[in-house]
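Order of writing sets the labels: A, B, C, D, E, F, G and H. Residues in every chain begin at 1.
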């Protein structure tokens, strides 16, 4: 492909069909992406079933629908996060196969089977208020080809409910743990398992939770050496990394 | 006492030994503390064995020694917190019965048996770095007449070590839980017991612990409805409240 | 109960009715909650009249109504905090005995008399704007079996109004003090009484009050050694702890 | 003066001694300070006894001594704040009449009697740790010609000690109130008097006092409508304003 | 009054009409406010024309109207700040003499001429967006008996416009300076005058103004030794202090 | 002009047509702006085509329309930033030549050709969400006489797309780089060019972006020594500075 | 092991050698760690070569040496992080095989070959000041059995130096990227590779870097969907997670 | 150069001396910097006299000396910022021509005359404490070939001193304005001139200056549309940008 474009050019120079000066100009103008990254990404999407992704927040409903339709036509899978019901209605009008996940606020379209991950991704959350973030992670992980087990309502203030899920937790190859308030759940889960834990602080809480900052700081200060952190409410990001690890 | 001072004055007025105008002046000048609060505190110290307390930080070594000696002469118990070894040497020179608690950085003198608390105060901490704060709490609680059980090295990243102490935790009438880093320990302990939990964030940690702020926020956002919080590193304050509750 | 389950199993092993291997499996599968904590909590709710609690914020109106109804059917008392009038209408439709407390934004249902607390819980607040938080604390404390005295409009800028309530303050076994703005009231109250004080910062204020942060910091830095702090606007939490202490 | 300089110039133009072009140039070059502000300040210092001030922090010992000596030669009064003992030794070597105030960390030289303020400036502080700031305010106010009454050790956690000073407080024409920790003292004092209160947060405290920020926020959120605030530890600034008011 | 109540009691004791024991009881029950502060305030309001004040934010429209009417009946002047047009309509319905100041968002009722202040209060603001705060200060100062001069649109980025007002600034006895954004105006004004300056940060700005925090910090760090600061947007508070100073 | 006004006055004094006393008065009353800054600005607007600017946020629709119309009548160019569609409708009603730029939320009127800048101003932004800020910069730069090249969708997470624009970037005389989220784009662009880079943090993002603070901090900590920063979302300010540089 | 302990006990019950009551007691006293987690960790350390770890900061030199020696005697590998030269001297005295890594400030002892990771862990850092953190990560990863490639001095302000390392970056199975200042490097690296990236903010910088907070926020707001974050300067934590992933 | 390397390769292919496959390999291995950026920078340093720069903070004295010597041998100019006297002694030992600027804490070596800037760079600062930052800017600007005018001690609290420098300010082509405390100086200067202003917040101040944050926020919120900002104390960065502009 790219390499072959350069190869073709060199062949033309060799054969005299192209002058050195002209080849020099064409080499200079060769866009960088031709040397490697972007197109590969594009190809990988089709080849592996990795979805193209739309972050819907801050986009108008028609914009979301239009981008979704264009991506669908490219033939790959599509995932729209932070999508309202209005956005789904508009998407559904142009792409009737699209599916809405109301708790996760996500729209998905699966056209190509994704390459399967090797193990289970455990998605854990403390309270029902954390479910939108946990579900966003679960929907994302599934469309990326992973088997997901969702474990909800296991906050650290009732540690026995969490311990009762120990076997499920220990059977996961990677874990995503979502928690608001004091954000201690990833640390406790991290101590129970020997797998990488992706911690997602959520904006659930009030007062001194400061929109998720308390949970974020708690997770960054974790004592468990297998926990890393993503941005507040970023279920999508955690699932992307977890899927990457689960495909290693 | 105060009441009797006023009674005496009224008797003098009744008997005509004191004029109304003069009585009026003397009533006006009567310091407020004679009406109730301060002297009671002072008397209570002698009566109940509650210590007089010196916060040594920000005071010079001679100042600490001088105050300690004066308090000792009043006959009650004395507690100096945040005290250096130098401060203890100076105190010891003037009051040889004073005792130093190096980990707690505290100096104590017990002259009067304190009124005994009703149950055990459990003092829990996560790591060895939290010990100075936990020991300050333990020393304070003991000089205030409480039996103390200190449970160390039970961080939430190894939840089984904490659970192994469940019976000890549940046998305490009040708990003081000290933790730095993510500060999740009080919440987990709060879920295991049915007693009031005093949470003490410690300044242990680095980076995004911000000198104890992460732990403080975690504790304020606790999901356990039996946890209240004091200032960072304030082991003394937590023990004072715990002792008050333990004497109810 | 749990203990007897294990006892039964051991008896079966002793008598040969159960093989060691099978007993081993059943011991392993024994859910953790059977070893102690959760069910006790559940039983305690029925036995002591402690309410089951719904934090309504972030839940939909139907969700609140549905949870409330299910809890009511369990036979215990129910408390929903942060509830809107709409939520109450929906609850009332399914459970006509439910009662609304508009200032406290709370819904209660009392089916079982709670175990009575030993003394009075004093609930103090500075201004009328702090009343919703103070009333949430009062409603919570009452449904948990406590006698409550509410003392309002006693801000520190008019110290005489507070001092005029000194006897009421001193007759309480535990105090809950709610204040926004500079948050100094718990410290002053703490100096007037010899009881534990639960300080609740409120989000009342503007500008540099930062939604209650100024009051929170003021309370954490209190000079009174009998004051501990809960999250901003957390009247429920303060009352839960106060009730726990008042039942000791 | 300045006005007369312009008048002289205009007279010269009128009389033909100065050409219009030249006058135009001289008007343009007339330095701005000749129109009013700076020299008046300088003259006022000599006329009213207001001191020239050196903020010593961040200056070397020789710099402080050199500036002090130069100001002393100008004949007015001199005040150096935030001065170390070393700085005083160097100042004393060049100006033996200079006087050191160790608690206030201030050096003063009085050569001219300052114009007397009309009433008393009350300087109030909560604890002994606040004394350096309170003394800086007192020394500053005195060298500016004010009678000062210093009231120490009247923290809000023992409100009776403060109330016992009510008459002293109410006899002041202006008040300076210094407090660290929760910073509630200015609000309570403001409620007891009808005079302007200058609030000075101090950096006294630990943990969540954040070097005086908690006290600063508390003071900015005061409920007393006669309290304004200066920077943390700025005893000098508070005294300057108080003196200005006391000379009105 | 209060003093005479005690005098009467003492007379009764002297004459034997009241027993010592009974007098003791009555002295104990004497509410604190009878010893001095609150009622004086109340009396002063009628005697001096100082208004009673309603902070309308956070109150319902009927509440504002009801309180306003009750205060009006007491015969003194009334000031409601942070009032909406709806609130004014409701107030006007019950008290037709009430007047609305739309920019200041204030309602006033003047029944008693206030004691006149001694000089002019200058109210200065940078931009038109700061006018609501400046007008609140002006309305407050006027109802408290002060002559006010309002100087608007003199931001520091066009220093000549400010300098053109130098004489007006220098003729004021006290100054209130309102500014948002970088909050530098009070410092520059403070350097031009020899009067006390009350600095009011406003919440005007965007991005890194953080709702007035940038202006607040700028003012607290002022280099002008005659500037003190109040809370963000607190025009009322600045005017109260300025009026107090202007009546000295 | 100003100088000539003074010259005329001096001529009148010289010729005796004006007395010195009267000249003195007229000189005193001469507004400061006549000595130099403001009118020059005003004249410059007409002479150079620099627009008069309205910051519409916080102004009512009629206010924006009225100010726009008055400025238009002065004959110069006009730019209204942060303008809603409603504001444009009102402006258009009074000034039909006005033009709306919906993405930039700006209204422009060009009556005078601006002095042309010397080179191209490159305006770069990371994502489509940053476009409103980038377009505000572009519209501002254009009405100030600059040729603008807008390069969008070149975030640092896909560095090849940015590198593909290297020649465009390097051909700009000044660059404006807008980015939200982690705000790294200005640093990377700064490393690719040898021109001054104006960095504009945008409020695009969620969670720990804190409304643009993360991007702002990233830009202030840039490793590229040709990057300076303006306030969050301040596309107008960046363009003003870029235009100033481009006209040097 | 643990399981067999229970098995033995059950066998004893079955055979009648142990009574049910006694077995019940022994089961109750069985420490929790015997049911699974801690000892496994301990055994795993010996079996897999995972090191036992000492966080030296906040420990005294003798403490570090004593713990190191005890761990060494257990036969496994040992890693001490944040260790001073003094600490190493003391460790070396008791365990001469220990090795010091001065830039990483780490002490290691390898007694058991660790299980080898499957690929290369790339450790990348921006400047020489970030090297201590990067080296701590490298030393940690190596003792955990991973091959490490360290790529230094590839800051985003000189993007070509980073791009020159593209092949090295793309050949890593997991990446650790350390950066201070604006913290943009992990995002750019994340865009160049398809592997998980562990981002480590460092405390390198001054002014508005706030000890690593600017870098931390930048990394949390990354646009690259394969980047997760650990605490400031936590090279050890990043390496632990990377090793875990590299062993999957 | 780079281009010619590729040209040579193409010539070899054309002439048949190099096979296409081999050329392909050599093109792939061509380091990125050969395509343009880095070497140009290096060459520019020699060609234009731009110095190579060492940020000494965080480097050891021997490191600074070693790097300085190596750079000096390359033949260009060298600038070391944040350098201690010890560092200079070590540098001077290896490079006797190096010169120390003690206030600026900078070491310079000029071997090549820098290309001269077109106008004067004005460097302005408020107080003597800001001088180190201002001098760092001045030294940097001078070694980059610019004429510098330093204007000190012109704080906004004495605006007349600043206005007296108006002509100097207006004669500068670019301005660098350093200020701590409230950071208002750049805004006022920006209003007096029509040139770009680089604002440098300094860490000068105490209390609520928060190490320069107050000044930084003030500058970011400037009302002057010609002011952009760099990091706290970053005199070097401001001078680099100013020099770039001054060479346009």
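Everything that follows uses one rule, which is that a residue touches a chain if its C-beta (ideal position, glycine included) is under 8 Å from a C-beta of that chain, and two chains touch if they have at least 3 such contacts.
Predicted model, so just to flag it, every value in this text is computed and none were measured.
K.L.:
Contact counts by the stated rule: is the higher one at E-H or E-F?
P.N.:
Contact tally favours E-H.
K.L.:
Using Cα averages as centroids, what's the distance between chain D and chain F in whole Å?
P.N.:
41
K.L.:
Using mean C-alpha positions as chain centres, tell me how far chain C is from chain D in Å, no decimals.
P.N.:
Their C-alpha centroids are separated by 50 Å.
K.L.:
Can you compute the centre-to-centre distance for chain E and chain G, using the mean CA position of each chain? Integer Å is fine.
P.N.:
60
K.L.:
Give the residues of chain D that touch two or more other chains, as numbers and ranges in rising order.
P.N.:
Those would be 36-37, 158-159, 163, 191-192, 207-209, 213, 216, 220-222, 231.
K.L.:
Give the pairs of chains that touch; include all such pairs.
P.N.:
Inter-chain contacts occur between A-B, A-C, A-F, A-G, A-H, B-C, B-D, B-E, B-G, C-D, C-E, C-G, D-E, D-F, D-H, E-F, E-H, F-G, F-H, G-H.
K.L.:
Would you mind writing out the residues of chain D in touch with chain H in their complex?
P.N.:
Spelled out, the residues of chain D in touch with chain H are 31-33, 35-38, 57-59, 201, 203, 211-213, 216, 231-234.
K.L.:
Could you pull out which chain G residues touch chain F in their complex?
P.N.:
My answer: residues 126-127, 155-159, 163, 181-184, 187-188, 190-192, 205, 207-210, 213-215, 217-224.
K.L.:
Within their complex, state which residues of chain C touch chain B.
P.N.:
36-37, 44, 53, 118, 166, 173, 191-192, 194-196, 198, 216, 220-222, 225-232, 236-238, 240-241, 244-245, 248
K.L.:
In the complex, go through chain A and note every residue touching chain H.
P.N.:
Listed in rising order, the residues are 3, 6-7, 10-11, 13-14, 16, 20, 23-24, 27.
K.L.:
Mind listing the chain C positions that touch chain E in their complex?
P.N.:
That would be residues 128-129, 158-161, 163-164, 166, 204, 206-209 of chain C.
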